[in-house]
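Below, subunit A partners subunit B and then partners subunit C, in two separate complexes.
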Partner chain A sequence: MRNAIITPLVLLSLALSLLTPLASADDGKGLAIAKERKSRDAGWGDSESLTTMVLRNAAGAESKREMRTAALEMPDDGDKGLTIFDEPRDVRGTAFLNHSHPSSEDDQWLYLPALKRVKRIASRNKSGPFMGSEFAYEDLSSFEIAKFHFNYLRDEACGDSTCLVIEQTPADEYSGYSKSVVWLNQQYYQPEKIEFYDKKHSLLKTLTLQDYQLYLDKYWRPHKLRMVNHQTAKSTDLIIHKISFNTGRTAADFDTNALQRAR
Partner chain B sequence: MRERWLGLVLKHPWWVLLSTLLLVVLMSSGISQLYFRGDFRIFFADDNPQLLAFERMQDEFNKTDNILIGIAPAEGSMFNKEVLTLIKQMTDAAWQTPYSIRVDSITNFQHTQADEDDLLVEDLLLNTNQLDAAKIATIRHVALNEITLVNRLIAKDGQLAAINITVQLPELDKNKEVFDTYKFAEQLKADFSARYPQINFHLSGVIAMNYAFAHEAEHDAKTLIPIMFIVIVIMLAALLRSALGALATVIVIVIAITSTLGLAGWAGIFLSTATVNVPTILMTLAVADCVHVIASMQFALGRGDSKKDAISFSMQRNLGPVFITSATTAIGFLTLNFSEVPILADLGNMTAVGVMLACLFSIVTLPALLYVLPIKAGKITVQQDTVMNALASFVIRRKNVLFPGMLLIMAGFASLISLNTVNDEAVKYFSTRTEFRQSIDFLDQHLAASMPIDFVINSGQSSGVNQPEFINAIDQFGQWLMQQPEVAHVNSISDTFKRLNQNMHGGDPAYYRVPTAQDEAAQYLLMYEMSLPYGLDLNNQLNVDKSATRITVALKNIGSKEITAFEQHALTYLAEHYPAYSASAASTALIFGHIGERNMASMLQTLPLALVLISLLLVFSMRSWRMGFISLLPNIAPAAIGFGIWGWYSGEVNLGLSIVASLSLGIVVDDTVHFLAKYQYARKEGQNAEQAVRYAFNTVGRALWITTAVLVIGFSVLMLSSFHLNSDMGLLTAIIIFAALVVDFLFLPAFLLKFDTKESKNYA
Partner chain C sequence: MRLLISSLAFITALTNAAPQQLAPVQTADTLWKLATQARPDEQVAMVQVVYALWQANPDAFTDKNINALRLGNQLTVPERSQMLAISEAKARQWYHQAIAAKPGRSIKTLAQANNYTTKNPDTAAILPAPAHEQTTATAATSSTKPQTESLANKIYPISPVLNTPETKPAPEHWLSALNQAYTLSLEQRFYPTSGEQGQRNTNTSVALSAEWVWQSNDRAHQLVLEPFLRWDQTDNKRNLIDVRQAYWQYAGDGFDVKAGVDIVFWGVTESQHLVDVINQTDLVATIDGETKLGQPMLNWNLYGDAGTLSFYLLPYFRERTLAGVDGRLRPPLPFATEHTEYESAQAEKNLDFALRWTRQFDELDIALSYFEGNNREPLFTPTAQGQLQPLYLQMQQLGLETQLISGSWIWKLEAIYRKTRQQDFIASTLGFEYTQVGLFESSWDVGWIAEYQYDSRNTLSPVLGQNDLFLGARLAANDVAGSEILLGLVQDLDNSDSRSAKIEAAMRLTSNLRLRFDAWLFQSQQPTEALYFIRHDDYLQLSIDYYF
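On to the complex of A and B.
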């Protein structure tokens, strides 16, 4: 009983005394790596892809979702994204528009074909599941420097090469996470694995990103993402079938008026 | 053979003691493997059908293991700035509970409202700075009118609120996980109690129950075993009047108990509500053997025998009875293996092994111990027992009244057996003295906290839950449920659909109804799901392909028979009205509800087996079919009387009581054995029935009432247990053991006098 109170306190004070100097010491390196990651991926312009999402419950039963996505790079702001659902049939044509912002809440809208209306979604929901999957919105929205504090932890072997292991602490209080740990491939500065920790600092989910392919000689994109929830034993696979770049999409395709026309 | 063995023991007492010590140390070292297990699953076999259904449902949806924190202001309402702030802070803090995956309260309720053309989904109380009179009024209005909240997270009268923490234990070290989770909630309660002394907090939920199972079992071990020990010492002092004799007895009892617990540890058995009382039961059962051995020895010493001769005399006299009575007791307890409840089988096996070990130690170690201890003759002067003699005369004189009179009384009590009904409610296993039961009882007055049943209704196709006809079906079912008198609350996705439909139409109350098209329903739901924050999603109500939904029904406090009847009633309703959909029900209350009936059925089936086995043992030991047959009625009657009295006194039979008939049979049979053995001896010596009855009374009468007193007191100690399973078992067993003595003193001799009138020379 007494231990139950004292142990966490001791651990906490230990952790604080150990972590504080470390954190400040490596702050610079973590941020530098993050900037390098962002800059290496800059300039891709716009893209489109076909995606299948496979949801699995603890017993292994599966359910599929099909969607098309389009994305537009915004040099001075967060990226814009448009997702159109094809399956299940009863949500076919429903379109989700997201304007992410590096340092403020994302703007989100949903077009509901049954109502023929565009509805705005409250954006504190970034921690919530996307389409009932193990992916939260914040896992899928674009990588922005201002969204995190970075802390370089170590180098670690991963597969055939070496990974930079970075700890990312979300800046937004409405994030569902206390932190995430990213294994960034040192060659192409893309994540191979991300561990997400919940607000009580327990490991919640692990995302593994596989089948990286090179586009436009510069941009690496994964084609299979698997998110496993360690607490509920549920998992979701995100399988990207096809990605095309330079599709000619412009900002006009990513506003709320365009949302109603999206098919 | 018997002589040689006894000669060996008395020739090398130190060798005997040394090898006993070695054996005991070896066996007892298993104690370090023992642990208390806090988990309601200890009551159920892995293939229990209701448990399997429950786990399947938990796999398809999210787990429902929970801690519920009840928040009750000593006076006044919930709806003021202070209490709402407290709920909000405690809700936030509750997310830190180990293994928590979800926290629900009125403050983080995802309130939906139409905001012009948008759908606003937000915590009912997002920020305590918002709390002005208007906001408080809004919260009050929403909370008390929201059907998903009332009776679940807020009492109808607004006097009590609750925070429900859903946890998902990894089940790697479940005990520790339950302990950590509960201790966190307890700490939370302590912290907030210090800050808000005017508010009472109550912990309940499955985790609290699991914790209480282990905690109260440990409490039983810490209180009952020492009490029993003191009782034993007092009884020994009164019976033996010899400090060294008492010491020898205590040594035998202690090594029998540590060896039993050690063997249980080696066998991988854990301590639980049931097995924690094995030491208490063993003390009770073992003390009788030792008392017989020592008393006989003292008798021989008193008439001037040498110590060696006195021990020999005692062993000659007691070896057979000690073995037979131990064996019958062990058989009685071994029949618990036929129970549907694993921990009751553990109880049976541990006690059976312990009784046989106690038997072994009483006939091997005890004589050696008595030999090396400087024991002197007891101070009891053996005199003609006037009481027993008077009793014998009374029975002989009044046999014509006693026989029909006792028969009538026995039949009368037996007829009351039908007043008993099986009832197993997990929360009622706990005594009202326990904190857990007090919390539950308090919460049950305001919320339906203790008895949920989950129904899963499957549409049979992917996205089927979005079909208007399906939503209408579950909506109808929900309304039907609410009309049932035992239902306190229904949580159904159909209410969410209706609310969303209204929200999507600018808040127009006319649209508070099920959407009319599948794509409409699906898109509203998609929009709503996209608006929910971490942990407050719909995964606990909808499965992954949205083919099925889980409806949680909170019931008022009802018995296990009523809960299984309700389940049947509801499933029949669904099968009749909506044959296209498949439905199932599961919950902890249902698992407990079903176990009682099934366990009772299997225990009643094994009762004849136990009776046959034990009677055969009697036939064998007395070498007389006739005596075995005569013993049947006095062996069965005590349990019949006991359960009759129980029917009149309580009428509720739980798992603990279902085993009493079998286990008490092995104990009460001892009285009959002793009485009949002496009677038979006298008859064979040529005495008539009357003389033989008098002889039996004079030789074993006193011993019988002494052992009965020891057993009754011993089992009565169990009445102090925090578990009704154990206290009821202790009480009823004590009643039955006492009834056995009455039957053996008043009925059996009258029966023998009336029917065993053959001339003694023909006596077989």
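On to the complex of A and C.
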């Protein structure tokens, strides 16, 4: 009796699994997943965090970066971010202001403390290394739907849970990547791993995101991000020590006037 | 009344001091229902009781799922203090997630979370696992055992964790109340040729600066103090005690006000800064004029949709630093800085003022400014004693700054109209900066800069940048050492043999040390040119900056 029930189910699932590769690869599922990811993370408002970056070269020699970051969610635009560098000491007091935009180029400014100068910088090239690390500027910008084309690849076990594996192709021709593959936790819709492929389609870097913690009962934030460059054997750990939400920051804290005051 | 409640609570707490047991679990029982019986008083939240019950009775639940209470078990009621060990907020957060774990598939999820709790020292610190796992959890908390890196072992914690996973204590606040930073710089210059007036070939100088910044918690008030000291081996006119910043600033809603000494930068171009007139130039520091002296000021900035409007009242004037008799990079006649003259009867106490409006239109930035007061640039009149006497005239200046960003290009324009008793003129800098990243597939970036410098004053007056072209390249290695090189050349378009060139290179040695190399080259054949006086003052400079 039991077998009689199971067999049709097995057959059905077999038929489905055979059918899947024949159907078009995605049918908008990748985009739907990306939208779900974005919507689950909406509404966090503003935050402040303290971050350490540990840069490792191929021989394992380490170098450290310390910075403070404030971020503001813009409901109808990309997020705004302000980063103040504390270490290494020669760049101490340098501040970086970024207004990201989903479908146009970001607005970026640097505050140079030696000259007390606010300097607007060209933002087209986002593939450059951030502070000499394995993170590129584009790796650290906010996740926006308009920045990518999405393609759902498969479900895959990751740890004890299941991940949705999504291929993301950057919409911006000035991205340093041909594509990236994201392992998104099916339960939390947060990335666990991202593989970045260079313009020649070979694997360049792998990012693993760990120590996810829950804030405001809704928002998961990773506290340890490790980027490994497979082509140079260099790696960077980005460790977030502390995140605070509802810090009372407004758009006025993210303009060039505030950048001049940023300490 | 309040006293009565709290004393009642105290008595209840006392009566509950000894561990109690609840009746065996019945079919109709839920953990919440049992918790209402176990709750000692109203000051303990229900969720705290639920959490403590779950924690104290790990075997009363199937797979430790709070929704899967086992029949017939007798639950031990923990002490009141144990219930209060977890904050209500954290208990509530835990509870909402725990009840969401439905029997069946989700039981495993909760079990996983518990496993994670024991693995993750931080989770353990806030939400101890059920009693029998307590020892392992404590052990994990005290050890700094590195976490397993592999993706396979990573599981989401089901509970919020507010602790931090670092090995050293991290700063508690975004900005510590008082920030302090110190810089000690040692500079060694070498001039290949002896000075025109027999000055030395080598020179050492030392500079020390400190910066103290205090900010109120709401970031509205800010106090900044930056004293600067410089000692020079040969030229006592290069010795300097300065206050670069010493101000209080208040930032309100749509405005800020500042009172004290500060340095204000105006401008967009790279090769020269025509519009930038608030601060006096510390010319003996660097020949490029980029080092400034602190300027006493009252400053209001108003922000709005129409841009930013800034007002400056400048009650005290700073004289330009000029080389002494033993110093290099000066005209043949020495400066008589002790006999400085002013057009204004108030001399350095003349009340100068300035205003500036800036606005950003997407890719386009525009600024208009007006300045009235002591000209920052002195005129020199030869005296009977064979010296050059600095004279500061009154001036009015209109300034324009625009820049347009287009992809990797930034187009820049600065222009001034300046009027003094002696003359009026127009000067301008127009050019671009083009950024190329990943040069030759490396991590090197290069910024190409080309700027044309124009000045309407006649070519016989000794000013730089009358009809000159600046070409520059800023190279950044984007490496761990933050290595960068700036190459620049200013070519006079009227005199093909008149030019200056510079190299600025820097790299980080350690987190606290930066090494700099600078070289300047001056060429001129025309005695009427400003460059002519310093044509034998080419120099190389090696500097070390120590940050502490």
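Everything below uses one rule, namely that the second predicted complex is superposed on the first by the 237 of 263 C-alpha atoms of A that agree within 3 Å, B and C clash if a C-alpha of one lies under 4 Å from a C-alpha of the other, contacts with A are read in each partner's own complex, and residues count from 1 in each chain.
Throughout what follows, a contact is a pair of C-beta atoms (placed from the backbone, for glycine too) under 8 Å apart; a residue touches a chain by one contact, two chains touch by 3 or more.
Quick caveat, the model's predicted, so the values are computed rather than measured.
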item: Fit-or-clash call for subunit B and subunit C when the two complexes are aligned on subunit A; value: clash
item: Subunit B versus subunit C as contact partner of A:A58, first or second or both or neither; value: first
item: Contacts of A:D217 with subunit B and subunit C, given as first, second, both or neither; value: second
item: Partner chain in contact with A:S127 - subunit B first, subunit C second, else both or neither; value: both
item: Subunit B versus subunit C as contact partner of A:A146, first or second or both or neither; value: neither
item: First, second, both or neither for A:F96, with subunit B first and subunit C second; value: first
item: Subunit B versus subunit C as contact partner of A:A251, first or second or both or neither; value: neither
item: More subunit A residues in contact - subunit B or subunit C; value: C
item: Which of subunit B and subunit C A:Q231 touches, first, second, both or neither; value: first
item: First (subunit B), second (subunit C), both or neither touched by A:P88; value: both
item: First (subunit B), second (subunit C), both or neither touched by A:L203; value: neither
item: Against subunit C, colliding segment of subunit B, chosen among 489-497, 615-623, 687-695 or 741-749; value: 489-497
item: Common interface residues of subunit A - those touching subunit B in one complex and subunit C in the other; value: 55, 57, 63, 88-92, 115, 117-118, 120-122, 124-125, 127-129, 132, 176
item: Subunit C-touching residues of subunit A, taken from the complex the two chains share; value: 48, 50, 52, 55, 57, 63-64, 68, 70, 87-93, 105, 115-118, 120-122, 124-125, 127-129, 132, 158-161, 176, 183, 185, 187-188, 192-193, 208, 210-215, 217, 220, 223-224, 226, 239, 241-242, 244, 247-248, 252-253, 255-258, 261, 263
item: Residues on subunit B engaged by subunit A in the complex (per definition of touch); value: 56, 58-60, 62-63, 95-101, 117-122, 168, 170, 180, 183-184, 187, 462-463, 466, 504, 517-524, 526-527, 529-539, 542-546
item: Sites on subunit C touched by subunit A in the complex; value: 93, 96, 108-109, 112, 120, 122, 147, 149, 151-157, 159-162, 164-166, 170-172, 174-175, 179, 181, 211, 213, 215, 218-219, 222, 224, 249, 251, 253-254, 256, 262-265, 267-268, 290, 292, 301, 303, 308, 360, 365, 403, 405, 407-410, 433, 435-438, 443, 445, 478-482, 508, 511-512, 514, 545, 547-548
item: Parts of subunit A lying in touch with subunit B, wherever the complex brings them together; value: 1, 4-5, 55-59, 61-63, 85, 88-92, 94, 96, 108, 110, 112-115, 117-122, 124-125, 127-132, 136-137, 174, 176, 198-200, 202, 231-232, 234
